[in-house]
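Next, two complexes with chain A in common: one pairs it with chain B, the other with chain C.
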Partner chain A sequence: MQFRVKDDGTAVHVSLEGQLNFAANEDFQALLGQLNNFKNRKVVFEMSGLSHIDSVGLGLLYIAREDLAEGGSSISLVNPRDNVFRMLELTEAHKTFEIKR
Partner chain B sequence: MNMASRGGRLIRLPSRTGGWRTDPEAGETANVAGIGGTRVVKDTLHVLLVEDEPGDARLVEYALRMSSAPVFMVKHVGTLAAAIEHIDSGQTVDVVLLDLSLPDSTGIATVSRMQEAASRTPIVIMTGMDDPRFASYALEAGAQDYLIKSDDPERTVGRAIRYAITRMAGQLERQALLERIAEQQRHLVEEVNAARAMQFDLLPRPERLDERLATLGVEVESFFEPSSGIGGDLWGCLDCGGPRMSFYCFDFTGHGIGAALNVFRLHALISDHWDPRRQPGEMLTTLSAALKGLLGRGQFATMFLCTIDTEAGEIEWASAGAPAPVMMLGQDSRFLDARGIPLGLSRSPGYREHREPFPPGAALFMYSDAITDSPVEGETLFGEGGLSEAIQGLLLRHGELRVDHLLDEVCRQVHMPFEDDLTAVCIRRLRGEG
Partner chain C sequence: MASVMSVPSPDCRAIERRPCLVVEAAPSEDLAAQCRALGIDLRQGDMDGEAPSAPVLGGAGTTETVRAGLGSPYCGFVELGAEGVVGIGLRCFETVRGGGMTLSLQTTTAYRLETLELVAQAIRANFTGISQDTADLMEISLAEALSNAVIHGNLGIPSHLRTTTEGFIQFQKLMHARMADPTLAGRRVEINVQARGPDFIGIAVSDQGNGFDLSAKLAHTAKATAKNGRGLCLIRKATHSLHGEDGGRTLVMTFAR
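Then we have the complex of A and B:
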């Protein structure tokens, strides 16, 4: 997984690319380290570049939400591809995250 | 009641071992010569000179006597038998200088016979032949260095001895480390195998179940294979008594030992909280709340739980985000609605209760995401699409779904081996009296 973080003033945009799974763990921790600097912000995960997410990847999103909430930030997941959306739908992630397609 | 603090508390002492011991320095290898900073070349070295030519022997002895640091104590013998006898007598020998043309042994065999007698003592070959191929052959056979007799022994023999001793110490050190790693590996494999046997013991057993299943007219076919010895999947069944039987299938995030420990947790929670009068969704809510406080960050389990009632001809189920099970009747198949928050993410999740007919001839297939998440080619995964097509094909061909047929089909299409734990269970209501 690769990621890019961009702050456009209104929101912090995180573009995810590749697969969000067990192998992404280290990169994701690095991402969380970067996001730690933002407090009380709106953080948008741009997911169109994400080809696959598994249960570990979903767990990482929950960790991100928890960490961001501690800093007063909110998280939304936008533009997931069909198969990624299927995973979010199956696990009723909309009850926890704001999801936009 | 007085709730003022009276100073009680929990004291947790830190671990004294620092966890699993993987540091080779901490073990017996530290006693091996050459490890832990011990000097391997001592001030006085005992040399066993095995040479039948008196002239050659004198030259070497003279060269060694010239050295003062280290001091060489030379024992000269003229045959291999005498050399072995000297070794066997238990006297100190730091290095063997070995001529390969002895009255009782010639050639490379001399090296191996000497090695047999003193496997930890360095050997320096003395040869009259200036042939690098022969020399490297001697080194392969177990000698640590070689000397060409025509060379000036004064210049070469001391260096060769020191080099051979250092080299032997390195070899012994490497050998000890390898043995230690192999020992740890064996130990780890034994541990994982024991844990694996315990995990397989959690699975339903035919001898306990067959009688009940026969009464109900239900056939269950299952496959269970953790990807790394033990894993984060499990399936099971719970007898509700009368015409009812419950089945479940769950899968924790990740695989390996951590996920397997969570499997034991959830299995215990199911046993504790199981009540056949409760609906599947209620049960999942209870399990999620119980797991919430136990699991680490980012950990959760997806779970499917259903109860089949053969008298009512119905199945009721609830799902906590499990891979959508497949319902089959005749040649029709479709995915069930398996949406739901995975267990352990929320303290009070609500789960939809579902109920539908499950007549004789109907079948239900539960599985872990190892099947749908397996890559077909490039970044394309087998997915629900692949599974649905495979099941349709098998229903057309055989009129029913057999788990081994399906796994054959999946294995043909996806890249093997499976990278995640694999569970596949098919529950069939048999046609006939049941």
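Then we have the complex of A and C:
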């Protein structure tokens, strides 16, 4: 998985690319480190570049959400591909995350 | 991959083929003896001339070799370790014998390569008549099964660590430590795909860990906000049927095309 973080003033945009799965660990830890610098912000995860996600990857998003909430920030997931959206649907992730297509 | 794409016989019984391991370099005496013992043919070189009925590419596990083995004219790829085909599950050869597709990788290789992507592409290319919805569900299930086989099966890492950032860091350290253990790293993850009549496809994912009680795991339902423990429930939702074999070391998932 690769990621890019861009702050446009109104929101922090995190673009994810590749696969967010059990092999994405180090990359995601680096991302969490960067996001810890943002407080009371709206963080948008741009997921159109994400080809796959598994439940380990989804678990990482839950950890990110919890960490960001401690700093007063909120998280949303936008533009997931069909297969990624299907996985989010099956796991009822919409009950926890704001998901926009 | 003609053998995989071929239309099932009218009575839906698989047509039996003879597996043939194809290797690039001159095979050792040991490898030849192992193949004889398993009842599979062994051939060196490219696929010029008369092709075997069920050729399986063998060699070092790289993106290129796996992609080649999962495409025509091969029926699969098996990573050959220092001990040749020792450790490769018999299910792999039985699958190609029955007209299916096989993949056998050591844990480190399955982790290092984009295994899911390679297998998903091969299924889409080699098995016809799969709807887009089913293809998505297959990929979702395969991703979960692969992750379980590597993390919990072969590396024996519990899932409860991944609930906080600190636990996640601990999980990573444990994963690296276990991956550095040659015994655990050399355990195999195997994916076998086979048409089940004209309407269904079976995908079996096997590991060489301690196994688990599938029924007990499925009885547990993860909370909506849980950070782990939802993998098997997700597979159950995405599959037509699901069962475990070999004490939980093999997960057999069936999908309606």
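Brief remarks on what is shown
Everything that follows uses one rule, which is that the second predicted complex is superposed on the first by the 101 of 101 C-alpha atoms of A that agree within 3 Å, B and C clash if a C-alpha of one lies under 4 Å from a C-alpha of the other, contacts with A are read in each partner's own complex, and residues count from 1 in each chain.
The rule we apply is simple: a residue touches a chain if its C-beta (ideal position, glycine included) is under 8 Å from a C-beta of that chain, and two chains touch if they have at least 3 such contacts.
Since the structure is predicted, the reported quantities are computational estimates derived from the model, not experimental observations.
Steric overlap between chain B and chain C is present once the structures are superposed on chain A.
When the shared chain is aligned, chain B and chain C each come close enough to touch A:E92.
Touch criterion not met for A:S15: it reaches neither chain B nor chain C.
When chain A is checked against chain B and against chain C, the one touching more of its residues turns out to be C. With both structures placed on the common chain, the touch criterion links A:E26 to chain C but leaves chain B unconnected.
By the document's definition of touching, both partners, chain B and chain C, reach A:L60. For the contact definition in use here, the residues of chain A common to its chain B contact set and its chain C contact set are 19, 22, 51-52, 54-56, 58-60, 62-63, 66, 83, 86, 90-92, 95-96. The touching residues of chain A, counted against chain B in their complex, run 19, 22, 51-52, 54-56, 58-60, 62-63, 66, 83, 86, 89-92, 95-96. Of all residues in chain A, those touching chain C in their complex are 19, 21-23, 25-26, 29, 32, 51-56, 58-60, 62-63, 66-67, 82-83, 86-87, 90-92, 95-96. Touching chain A in their complex are the following residues of chain B: 251-254, 297-300, 302, 321, 323-324, 338-342, 345-346, 349, 369, 373, 379, 381, 383-384, 420.
Those residues of chain C that touch chain A in the shared complex are 111, 114, 116-117, 132-133, 136-137, 139-140, 143-144, 146-147, 150-151, 162-165, 168-169, 171-172, 175, 224-228, 230-231, 234, 237-238.
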